[in-house]
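Here is the structure we will look at.
Labels for the chains are A, B, C, D and E, by order of writing; each one numbers its residues from 1.
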Amino acid sequence: MARSGPPLRLFQNWQAKLAATPMILTALVVFIGCSLWTVVYSFTNSRLLPRLEFVGLAQYERLWSTPRWQVSIENLAVYGVLSLILTLAIGFLLAVLLDQKIRFEDGFRTIILFPYALSFIVTGVVWQWILNPDFGLQHIVRGMGFSGFTFDPLNDPNLVILALLAAGIWQGAGLTTVILLAGLRGIDEDVWKAARVDGIPTWKTYIFIVLPMMKPVFATCVVLISAGIIKLYDLVVALTRGGPGIASEVPAKYVYDYMFGNQNLGQGFAASTMMLAAVLAIIIPFALFQLGRKRRV
Amino acid sequence: MAQALRAAPATELDGISVSIRDLSLSYGSVEVLGDLNLDVKDGEFLVLLGASGCGKSTLLNCIAGLQPATEGQIFISGQNVTWAEPSERGIGMVFQSYALYPQMTVEGNLSFGLKNARVPKDEIRRRVARAADTLQLEPLLKRKPAALSGGQRQRVAIGRALVRDVDVFLFDEPLSNLDAKLRAELRVELKRLHQNLGNTMIYVTHDQIEAMTLADRIAIMRGGKIQQLASPDDIYRRPANLYVAGFIGSPPMNLLPGRLEGNRFTGALTADVTGYDFTSRPRGPEVVLGIRPEHVRTGAAAEALPIRAEALVEVVEPMGADTLVWAQLGQTPFRVRMDGESRVRAGDRLSVGFDPASLSLFDAASETRL
Amino acid sequence: MAQALRAAPATELDGISVSIRDLSLSYGSVEVLGDLNLDVKDGEFLVLLGASGCGKSTLLNCIAGLQPATEGQIFISGQNVTWAEPSERGIGMVFQSYALYPQMTVEGNLSFGLKNARVPKDEIRRRVARAADTLQLEPLLKRKPAALSGGQRQRVAIGRALVRDVDVFLFDEPLSNLDAKLRAELRVELKRLHQNLGNTMIYVTHDQIEAMTLADRIAIMRGGKIQQLASPDDIYRRPANLYVAGFIGSPPMNLLPGRLEGNRFTGALTADVTGYDFTSRPRGPEVVLGIRPEHVRTGAAAEALPIRAEALVEVVEPMGADTLVWAQLGQTPFRVRMDGESRVRAGDRLSVGFDPASLSLFDAASETRL
Amino acid sequence: MSDAAFPTRAAAPARASAPRGRLLDGPAGVAPTRRMNPKRIMVYGGLIVFSIYYLLPLWVMVMTSLKGMPEIRMGNIFAPPMEITFEPWVKAWSEACTGLNCDGLSRGFFNSVAITVPATILSIAVAAVNGYALVNWRFKGSEVFFTILIFGAFIPYQVMIYPIVIILREIGLMGSVWGLVLVHVVFGMPIITLLFRNYFSSLPPELFKAARVDGAGFWGIFLRVLVPMSLPIFTVAVILQVTGIWNDFLFGVIYTRPDSYPMTVQLNNIVNSVQGVREYNVNMAATLLTGLVPLTIYFLSGKLFVRGIAAGAVKG
Amino acid sequence: ADLEVTHWWTSGGEAAAVQELARIFTEQTEYTWVDGAIAGSGSTARPIMVSRIIGGDPMGATQFNHGRQAQELVEAGLMQDLTEVAEANGWAEFINPPSLLEACTLDGRIYCAPINIHSPQWMWTSHAAFEAAGVEPATNWEELKAAAPALREAGILPLAQGMQGWQTSLLLNAMVSGIGGADFYLQVYEAREEEALNSDTMRQIWEELAVARELSQGGNLSDWNMATNRLIEGTAAAQVMGDWAQGEFALAGQTAGTDYGCNIGLGGEPYIATGGDAIYFPVNSDAAVTEAQMALANVITGPEAQVAFNAAKGSLPIRGDIDLTEVNACTQQGLETLAAGNTIPSIDMLLSSDTRGQIEDLTAEFFGSSLSAEDAHNRYVQIVMSEM
């Protein structure tokens, strides 16, 4: 029955390799291949159609001298930081509230999670409607007698980020809550008991003991949230279309508009390459952190 | 919670560190603890022993105030603490899973509770130093729990209770996550600690060796009730009922059902139990005779004893220091613990014998000791 | 590798069930098993014993074919199976975590392997019935694993190996998830099973009691190497080196460093070791003297023995059948196991003594037995 | 944590008989807790405030979709309709126009179903097998591919739209539903593979070993041992993929043709085909209709989802 | 065969126009019109169209603004050559102005069928709004500026302008031709003379744009037809928008001249850009589809479709030879301008999408912020100069 000698290396595990070909192809062809393709063409002057006429760094020079790109980057940074912090903070707060052995936990959780089921298009439409100055919040508050009340973030370049945040958090904080809740539930009951015996108030226990224990769970959330932030596009299109003016432009929209709307693929590719670089700048330290953590354990 | 109501009459609680009165606890309709009464003396090492799920942790949590009792009262150091917060009860607690705060150093773990109680810095330093000294934790003070071994973590957990200068220590299976060797070592350390500190300690375990070696008294629990509360020796030699007899000892006591007429026992063997120290007479003739495997003598030594029989050896388990023999006495399985030097083989016939003074008799109906 | 290497000369493997030749295994640069050789005889019960992480499971997985070896060869029943699939090796395996298929009934669990091998339905039914009968699983056949107790699950796991009619059974700590009582019971059952079936069994554990009671031979492992391969009795009485001496026995052997000049040992005590059965003479004068706690006699019994000393009792652990005494011999800790009847207290001075025949001597430099 | 807020039994009053001369004065039994102490009020208060934030848009959507245009123009978006009309729903479902097609969302609905079902099944099947191979059948480089895959989860889609057009063209799937399915399989792969990998690696490896000893092969182990015990994670994967694919707009609009546009594209068309006044009520009805499928799934399987998340996501 | 036609004509008037076209196509040929409307605007729809063409899954026909938008697709050989149809039907004879056909021509071959002329340089006024403020309807930019205080007083938005880039840049370009004149327009966008770009005229145009920003303050509008709707409602006074706005007025039942007014070139120089929409026919492997494509090309340029389509949409026909006596006053005005030869090439023909997009971004930013006219002007010059 025994086989004659060790099997060829290549055929060891051949079924697994075969079964993993979709993944290998996706990784190599789509993720690496397409990214490289994009990077290469970002050095060309491709317009409507890709063509290999290299122009060096010209696209990048132009990119960084374009005010709209700068605004986009700024917006993404502001939105990203705020949304990350707020989503985590609200998610954690909600998770803590839900963890208080409350009644109707399922109900509250469903309420918090349901917007996640909706597309950004839907989210954008709804919030546009709620924030519409003529019908929405402003109108209502004015109707209540505060006729001077002004809250029109969709038309105020300084506040438009708030509108994006309100909608973005509305849509996304539910998932964070659920993940953090699962994380909270995973914490050893005994730690809570120990803290009570030590006479540590609940809030302190959460902040000084539980929060640090949930680092890995937070890491998962940060990954998910930041992946969403970098891709932020649909919501902007649906809610503000980048307006008023260019006040709520984001990089992904810049890429899209230039690649297709303005028929300047080279510019779009340069912008997307910059996004790629940003992603790498975030992921690589994170991956190293993860690696380091594994090694230490 | 009027202050006046809290202190119990001094005389009744004199020398009693923890007193539990009529404690009941139910989860919904499931009663986990039922009308439980227990007094733990000052400086006593009390072990709560019982099978998994019998309510040991629940009882400990009630004492700690982590679990509100459904009914009854709890007194600690003469104070009625039934409604008090855990941190106000003068107790320290050590958990099976250590429950250290993972992101704080050992020092942080030890001092966090004190900082929180606004103990002055100097005092904190003093107490941490003392605990670290007692438990030999000095070199570890700056480390985080992740960088400690299991035994070290457990010592830190004990230290956390220690710094709080409490009267009563509660342990919930503090050693069961450790490997056998470490467990044996820490057991001795704990015993030494108790000898040095002299605090009251209540210790939950389901390991009989731990219970036997550590306890001043053992409370054997079953289904939320205390079956027997006595010194290890008493529990071992004079189990109060069949449950305790079967629970304590490894391998457990041989239990032979039979009939008792006068002083004559008939069952898998026939025995004259004259010399047995009856505490009560059986109600019916049905009794159970119990004899520990280690009290059975074999071979030549058996010949001299008043009760004798012959058993068929089935399996022999040499365990180094001694040898366990699994035999059949008639149809009844019968275990004998022999010297490690003895050479018995499966299939041998073994003559066994024992002394009436070393056996136990139980009423078959009520299952209690006669 | 050349064909010629495959079949080992028939004579060489006569009566050998599992043979491991020069087996090495590394994870990256970490060598977990190093150049290991081991022959397991037909029908033998071999126990692999060692501390956590010493490579026991890894070795077992190599034998089972679950872990490809970096180098070396494995023969089972005379066949070179180094590169064979696990299911083709004629082995059955039982895991610590039971590893039952949770969504299948007990019957499904038992028959899964046979179905995979396309055994005819009738035959499957027959074999399942036989295994169920051997292990008393009939009433459970329709249940799912979740509805079984720990012991029952373990029996199903054994049954799964049983139905496959294999030559070699591999067990990876099959009892360590069970509580002490159940463990003791199943241990005996396993021993009985081996007596009835007569298969070769290789059993991994880190529990010495299991090893001592079950094994025909024990292989003590450390850091991927076998330290000693011998019968339980030999290992207990004549440990091959300091590691084995310290590892086996609970509490372990007392080890007293000192100097040996001629037959005179000087250290925490002075002893004349005439009568000790040297296998080799020490290279230097530095030696370690080992004596098991249970071989130490106390009080009157000590007086008659050639080696005597006086120890200071520190902690006494009554354990029912016997009592452990933690004492100091000069500055060296010294453990004594006494009869359960003995009444010693902390602080007592205890006179101890032992026979040169029951002690072990080790070379301090090479750590091997003299 | 918190003490039980709702004691199962009220604190018993001092019992009439004093058995065994026990002390009966002083606190006994459960400490009396008011049903609503300040802490509880804060907890529920906080939850209710957040619930309002979360529910308000839904409320507005539903209410607006039930109003006529005149009432909308006059009124308060938060007020319930004075006169309920289902006209907007009918219009959104079957009458709203985009260009010449005046069949509302109805066509998009069936297209969405036709896209979502195969894409969900296929993407989960592929990702589950990936996770399985990654955990149980590691081969040289498998972790590298996985890392690339995870990295791919971060790449903005825009970066890949163009090259994927070319890939789809080369394999002849551009414009077909299968091309879109392929795109969904590819872009769903990172997260779903991650989920399955985490889940499978949390299962005891002995199970896998036992199955190998039992002679089950690559697929046998997967299909007969692992899949049957992976319900929670399959639920999560199904929910995530159904919502993700159902809600997708970008791929739907680029990689299909108008006769197979999914519902979101139709929704976008309806919302953006402004004809005179924006018909907010129709927009809201259309929005609700589009979200109905994923919403229903969430409402029905919320518990399983949460359990699955705990099983697959928390161990990062 | 089915012929799938993609376009972004989804507003009320536009949809009505497509309706007409589809009807005529179905009536006159044996082919079926499959509508592939993509809502949003050109910027939403074009990427979809382009990717489908590049992706080898082309539609039967597709709308583009004619000019340079599809040039590369044509160069890449992805568009059907219509020269034969054009010659057989004598397109060169009736298409007016001829620049329309030129924009469809590459190396002497014709690749698209123009369908309408779009003139973006119109200022629309709401008579009701002016009436409410008690002032005469403005007929040019200066009058509007003058009336603004009174309009504001009456709670009326002087200028209803959607904030999207293409709408604000449309306003800018209308000023370039309306205030600067046709020659100036050509100097700026065709010759891209630095002198013209830096001239005082240009500077002034940017100042005027800043004024427009003032006048549109408080509108908070984004879609153009929402803005038009304000005019129809009478809550806004004026809007600078292309002739397609007329479609909305028509749909609301309003009459040119009485309910609303129209002023080419913001009431200044009456030049209209002759850009517009054209239908392109992507190369296709199915012979039946190719036939259908040719048939559609023929229908589109035919008189019947021209009349019906342009009347509904409010745009101008591409034929000089059809009688449009029925058309309303505003269209009439456009036709006259056209007949007088007062035409200029549309911005789509003169600038690449890239440059145009940058200008749109600039004006969007300008309207959405307090960017000074001077800074904006400087950036504008750079953008135009960088056109390749």
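The rule we apply is simple: a residue touches a chain if its C-beta (ideal position, glycine included) is under 8 Å from a C-beta of that chain, and two chains touch if they have at least 3 such contacts.
The chain lineup, named per UniProt: A = Glucose/mannose transport system permease protein.
Note that the structure is a prediction, hence the values are computed from the model and not measured.
> Could you name all chains that are in contact with chain A and with chain E at the same time?
Joint contacts, listed by label: D.
> Please tell me whether C-D or B-D has the greater number of C-beta pairs in contact.
Here the pair linked by more C-beta pairs in contact is C-D.
> Would you kindly give the rotation angle relating chain B to chain C, two copies of one sequence, based on a CA superposition and rounded to a multiple of 5 degrees?
Value: 180 degrees, nearest 5.
> Where centres are the averaged C-alpha coordinates, which chain has the largest centre distance to chain B?
It is E whose centre lies farthest from that of chain B.
> Taking the mean of the C-alpha atoms as each chain's centre, how many Å separate chain B from chain C?
Taking the mean C-alpha position of each chain, the two centres sit 29 Å apart.
> Report the inter-chain centroid distance for chain B and chain D in whole angstrom, where each centroid is the mean of the CA atoms.
Each chain reduced to its C-alpha mean, chain B and chain D end up 51 Å apart.
> Using Cα averages as centroids, what's the distance between chain C and chain E in whole Å?
89
> What whole-Å value do you get for the distance between chain D and chain E if each is reduced to the mean of its CA atoms?
Roughly 42 Å separates the two chain centres.
> Residue numbers in chain B touching 2 or more other chains?
none
> Multi-chain contacts in chain A: which residues touch at least two other chains?
256, 259, in rising order.
> Would you please write down the residue numbers of chain D that are in contact with two or more other chains?
Residues 4, 161-162, 217, 268, 271 of chain D each touch two or more of the other chains.
> Spell out the residues on chain E that touch chain D in their complex, using ranges where they run on.
4, 6-7, 9-12, 15, 18-19, 22, 33-40, 44, 47-48, 51-52, 54-57, 59, 223, 225-226, 229, 248, 251-252
> Residue numbers of chain C touching chain D in their complex, please.
For chain C paired with chain D, touching residues are 61, 64-66, 85-88, 91-93, 95-103, 112-113, 116-117, 157, 160, 164, 172.
> Help me check something: in the complex, which residues belonging to chain D touch chain B?
My answer: residues 3-4, 7-9, 12, 19-20, 22-23, 25-31.
> State the interface residues of chain A toward chain D in the complex, per the touch definition above.
For this pair, the touching residues of chain A are 12-13, 15-17, 19-20, 22-24, 26-35, 37-38, 50, 90, 93-94, 97-103, 106, 108-122, 125-127, 129-130, 135-136, 139-140, 143, 170, 174-175, 178-179, 181-183, 185-186, 192, 202, 216-217, 219-220, 223, 226-227, 230-231, 233-234, 251-252, 255-256, 259, 265, 268, 272-273, 275-276, 279, 282-283, 287, 290.
> Over in the complex, which chain A residues touch chain B? Could you list them?
188, 190-191, 193-201, 204, 208-209, 212-213, 296-297
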